[in-house]
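In the part that follows, the structures are each spelled out as structure tokens.
Each of the next two complexes has chain A plus one more chain, namely chain B in the first and chain C in the second.
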Partner chain A sequence: MKRCSDRLRRPGLWSTLVRDCSGLVGLLLFAAIVAVAVIGPWTVRSDPLRVNLERAFAPPGTSGLFGADHLGRDLTARLIWGARTSLLSGAGALAIGLAAGVPIGLVAGYRRGAVDEVVMGLLEVLMAFPGILLAILAVAVLGAGRTTVVVAVGLVSVPLVARVVRGTTLALREAEYVLAARALGVGERRILWRHILPGCLSPLIVLSVLRLATTIVTVSGLGFLGLGGDPAVPEWGAMLSEGLAYLRRAPHLALLPGAAILLTVLSVNLFGDALNDALNPRLRSRTGGPPW
Partner chain B sequence: MWTFLLIRTARAAVVLLGLSIVVFMSVRLIPGDPALVFAGDYATPAVVAQVRERFGLDRPWVVQYAVFVRRALAGDLGASVRTGQPVLTEIAPRYARTVVLAAAATLISVLVGLPLGVLAAVRRGGWVDRASIALALLGVSAPTFVVAVLLQYVLAVRLGWLPVTGGGSLRHLVLPAVSLGVFPIAAIARLVRAGLLEVLGEDYIRTARAKGLPEAVVLVRHALRPALIPTATVVAVQFGTMLGAAVFAEAVFAWPGLGRYLVQAVSARDYPVVQAAVLAVGATYILANLAVDLLYRWLDPRIV
Partner chain C sequence: MTRRSWLLLAMLLLAPLTPARSAPSGGTLTWALHVPIDRLDPPASFSLATGMVVGRNLFDRLVEHDERLNIVPGLATSWSTSRDGRTWTFRLRRGVRFHDGTPFTADAVVFNVQRALDPQLRLPAGAFAWAGVRAARKVDDFTVELVTDEPLAPLLNNIADSGLGAIVSPRAVQAARDPREFVPVGTGPFKFVRWTPDGEFVMEANRDYWGGPPRLERVVVRISPVPATRVNQLEAGEIDLITQVPLAEVGRLRGVRGVEVGIRPSTSWTYIALNNLKPPLTDVRVRRAFNYAVNKRLIVDRILFGVGEVADSPIGSAYRDHHSAKVYEYEPATARRLFEEAGWRPGPDGFRQKDGARLAATLWVPVGRFAEGTAIAQAVASFLRGVGADVRVEEIEFATYLAEARRGPGESRIEMVMAGWGTADPDTGMRLVLHSSQWPPAGNNLAFYRNPELDGLLDRARTTLDPQARRALYQRAQTLVMNDAPWLFLHERREAVAWRSAVRGVRFIPSSAGLVDIRQVSVAR
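Moving on to the complex of A and B:
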């Protein structure tokens, strides 16, 4: 990897991260996108839902920074609000995956035996078919909608999170400090949360960052397929899908949300890879999931 | 070898069984009465009762599952709620078109990714290497639906080189297959590069060069083969993954495959079609993974 600056050669995670030029670019880019999602909606004056047919298909620069869509809605406002929807949905799905996957992985790895066999067998079944298909099946069962999509994409993440946590737990349960805690009579729950979970954090952080890219893409993908619920709510995937119908007349309607998705995923992947290199120097593999 | 084959096949069979349970249970987990959903919003109580009896929804789940498996094995996957046609008749041609799409994307990814990976390894540090790394990063970050829209805009709408949408000819296949193949191109190029760089440092490669063998022979005959073992498995895994991701390429280019049909079925709450489509793609994915295991064992007999 190229060095951004020799002056930054200091030991520690942060310095390792910022020395990795691509990682730093990814982090800054992602921070900017998050800032847009958090602060942006307060700064734009126009309502992203307000229809104004007189402004329909206004090209960029003539009506707001990015023009207007086929219903005359302000595209800048929709892109900014879309950032919030897409990032929140992706983060929400990741949170569900972590909330369910971490305890499952901890218990399966710590208990081993029949519990491990049954749990991992079930998770293997869930991982045995493409994640997007599992998400579509979950949406089919629960019904289309924003919450459903977040839950569905979260469910797809559960087996991956559980597998990573289980693998680390299997190794840590034999560590001397865990054996000592057990010998002192410390309860199972306390051992898992206070002694084993902190040891799982490093791979979990890397997985979470890289997984965030996948959850954002999957959530946007379901929105693109029309399964994301209310199409009026600004969301990048749904906006891209709407713009597809007007690709000849107003290509920016599809290309801008597409670029927003691409930039977000690219920034998360760049940062995640650098984080992986910094936290797991022996595993310098780029592990982002398939970007449907 | 036979023990390996037996264990892996048994594992695949168990996963297939699990898949069938997940698919079967999915419809039973629909909030509310599945009979009401199957019969439609305006069905009379008599029709709902008829549907309940026809689908066996009034019987215990174990019995329902046994009937579901027995019928599925006999090729009876029920009838589409929308069209009334047997699901198998509806999905078979679409499934074939999705497999063709995934196979074409796989072929493209190998034809582009393999030489790109070799070039990047041979010219390590050069512009080809740097370009391939940048391309790979872009490839793994670009969602299929974004790539598809971009390709459609540039190559079909602006330049008019290829049809914008539709199916039925080789020209229609190009854009969906390329957009689907971008991610595997990146993955294959990176894997081939990493594998080759590792092998090129081995003693036997130095021996081959010391014997005076031309570099091309050293590369193709001695270095490429071991480097291709992990690549072959990734190609097979990618084929399975693309069967799922095909849904996006099909949606953008209106390719009449199973993915597009599945999304339409989800929107219309046509559950027999959803079940059958998920079962078909899931089973193919599992079988592709089984093929990967066997291929890996065949290519590298040290695997146990």
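Moving on to the complex of A and C:
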């Protein structure tokens, strides 16, 4: 892989990260998209919800940077607000996955035995379903809407997180410092949170970043299928789906949100891969992908 | 016995009946539909595809609709009513045979009426067509009497509509021990060939058709649910005729060489039911304000690309008794004045309020049921927010919609809901969605609208056989409804159909969702 900055010799996290070009590009791109999502909405004046049929299908340049959609809503504003919806939904789903998956993985890995077998067995069954299918099922049960989409996609992440945490916990519970803590009479909860969890952080961070790409795609996918609730709220997946009907007349209506999804996911993946290289000592030699 | 073996049997039976006659030379028509054919037994299904393809071509009805919804003779050559209006007498066409060779007689008509009205058989379309008929009697081989409890003015329109009142061969029905074994045998201009699980449906010319053989040799119907794919198939010449052209493509297709576009008229329309029992929609001034606040012309123009007509009556203009009663033009100033009169004044959040209550409502749109339904709903909501009513759009699954539409007045959660309707007779057109006897769960008056004067007019019109008197009643009824504004009136539905230029003679029958009639079609290769 090409080196971007050979001058950095210190083998710290940062230097390892920026050493390969793609990781740096990914990071910069993702930072830019996050910036758009955070700051962007304050910079656009036009209301992304305001319908103005007179301006329907206004081409890019004539009305705002990217023109107007089929209802005459400002496409620039919708793309920027869509960044916020998509990133927040993706991050929210990830947070749910972590919040549920981490404790499950810790307990299952530390206690082992029947708890481990039952919990992990159930999670394995969940993992056997393709993620989007499981999410659609969850939305079908819970009802369409932004919140349920986030919860559904979050649930899909739970088994993956739990598995990674459990694997690391299994190794760490036999580590000498953990044995020492146990011998000193430290309580189980404290051992898990203070001694084992920090050891799980590095695979967890890599997993989280890579999962973020998946959750964003899945959330957009559900939006595309019309399960995202209020159709007026700008969301990339829903915008892509709306734009498809006018692919011949105004291709940018579908292409722009599609490109936004693509760039976001690409940047997160590039960054995640580089992070994995940097954080995973076994992969410093850079062969293959992550172990899950 | 499988369907295939029944088919073989049917063909064997038919073989001696098809001597070498002059062959129709109109070629083969390949027709792509946007919706699947769900049943082969027309009285069993309200599906457009079943009615338009199977019902209209394999079968005949006692009477038929022409292109202007006039009633013309079909299997009945003439008809009359008794003095008290409670008995209809139909004189039947002689010398007609079903495709299985059995003769068409009064027995077949009596059989079909009794079958459609048998509640155990659950044939919703048939029950709809013959609704109000108490008994069917054979007078002689070619005369039938239908007895009704009261004069039944909508009868002819109901039985002529789509495939609903199709006359099916009694032998074919009796031969099928299970509805899945049913082989469609009628008297129509085409005979059934096959229906495969992937949805392909094939029929061929009935050379012995009583009205003269059709021009087409063969018709192949395929299901092509993705709009862009249908258009591509047509442009590539793979398909000769497609239904439901995406409206955004109509303008472009009109300029494509070798392709013709037709706008299919229909009686059907789209509206938004306003729950007349829920404040603030209980107030007629608020409901009128809603109507004035929405620019329906712009919606038709921009979202439907001009394919549609702004509503000037609760029912569509293709109805024979349609009356152009009133158009709620886009007058936001009038809307604001009406809100003020009703006591709704702008509040601190920009939306109107009255006695501490906000002017707010949720607008439900069933997913995928209406052309551009979600876009139209968003435009409507945006127009209403513009005059201070906080209306939010919510998409709901069709199953949810059906469940919500069955909740009675006390428990209904409907505030505003997009709905559509369209039949062949103003009785079914208006009564089933506007009469107070049709409040859910009994019927489809989703607005819970009640006006005793309208109920009276609709009841009288249903039993008034004199066309002029009936027309006058419906005119008053349409004006009354427009003034009461139980709905937010939107537009009449139109659909675009396109075909290769080699296809000649495509006609439209505007009943219900609008039918493509291929009885006169030929394809020049």
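Here, the second predicted complex is superposed on the first by the 281 of 292 C-alpha atoms of A that agree within 3 Å, B and C clash if a C-alpha of one lies under 4 Å from a C-alpha of the other, contacts with A are read in each partner's own complex, and residues count from 1 in each chain.
Heads up, the rule we're going with is that a contact is a pair of C-beta atoms (placed from the backbone, for glycine too) under 8 Å apart; a residue touches a chain by one contact, two chains touch by 3 or more.
Quick caveat, the model's predicted, so the values are computed rather than measured.
Does the superposition put A:Leu88 against chain B (first), chain C (second), both, or neither?
In the superposed model, A:Leu88 contacts neither chain B nor chain C.
Does chain B (first) or chain C (second) touch A:Arg248, or do both, or does neither?
both
Is A:Val141 touching anything from chain B or chain C once the two structures are fitted on A? First, second, both or neither.
first
Between chain B (first) and chain C (second), which does A:Gly226 come into contact with in this model arrangement: first, second, both, or neither?
It touches chain B and chain C both.
On the A-aligned overlay, A:Ile132 touches which partner chain: chain B = first, chain C = second, or both, or neither?
A:Ile132 sits against chain B, while chain C stays out of touch.
With both structures placed on chain A, which of the two partners, chain B or chain C, ends up touching more residues of chain A?
If we count touched residues of chain A for both partners, the winner is B.
Answer with first, second, both or neither: which of chain B and chain C does A:Val36 touch in the superposed model?
In the superposition, A:Val36 contacts neither chain B nor chain C.
With both complexes superposed on chain A, which partner does A:Ala100 reach: first (chain B), second (chain C), both or neither?
So A:Ala100 meets neither chain B nor chain C here.
Tell me the contact category for A:Leu122 with respect to chain B and chain C: first, second, both or neither.
In the superposed model, A:Leu122 contacts chain B only, not chain C.
Starting from the residues of chain A touching chain B, keep only those that also touch chain C in the other complex, and list them.
In the superposed arrangement, which is not itself an observed complex, chain A uses residues 144, 226, 247-248 for both chain B and chain C.
Which residues of chain A touch chain C in the complex?
Interface residues on the chain A side: 49-51, 53-54, 56, 70-72, 144, 226, 229-232, 242, 245-249.
Report the residues of chain B in contact with chain A in the complex, numbered from low to high.
Against chain A, the touching part of chain B is residues 14-15, 18-19, 21-23, 26-27, 29-31, 137-138, 140-146, 149-150, 152-153, 157, 183, 190, 240-241, 243-245, 247-248, 251-252, 262-263, 265-267, 269, 271, 274, 278, 281-282, 285-286, 289.
Provide the residue numbers of chain A that touch chain B in the complex, in ascending order.
22, 121-122, 124-126, 128-133, 136-137, 139-144, 213, 217, 220-221, 224-227, 237, 240-241, 243-244, 247-248, 251, 254-255, 258, 261-262, 265-266, 269-270, 286, 288, 290-292
Touching residues of chain C toward chain A in the complex: what are they?
Those in contact with chain A are residues 227-228, 246, 248-249, 252, 295, 298-299, 301-303, 367, 374-375, 377-379, 381-383, 392-395, 397.
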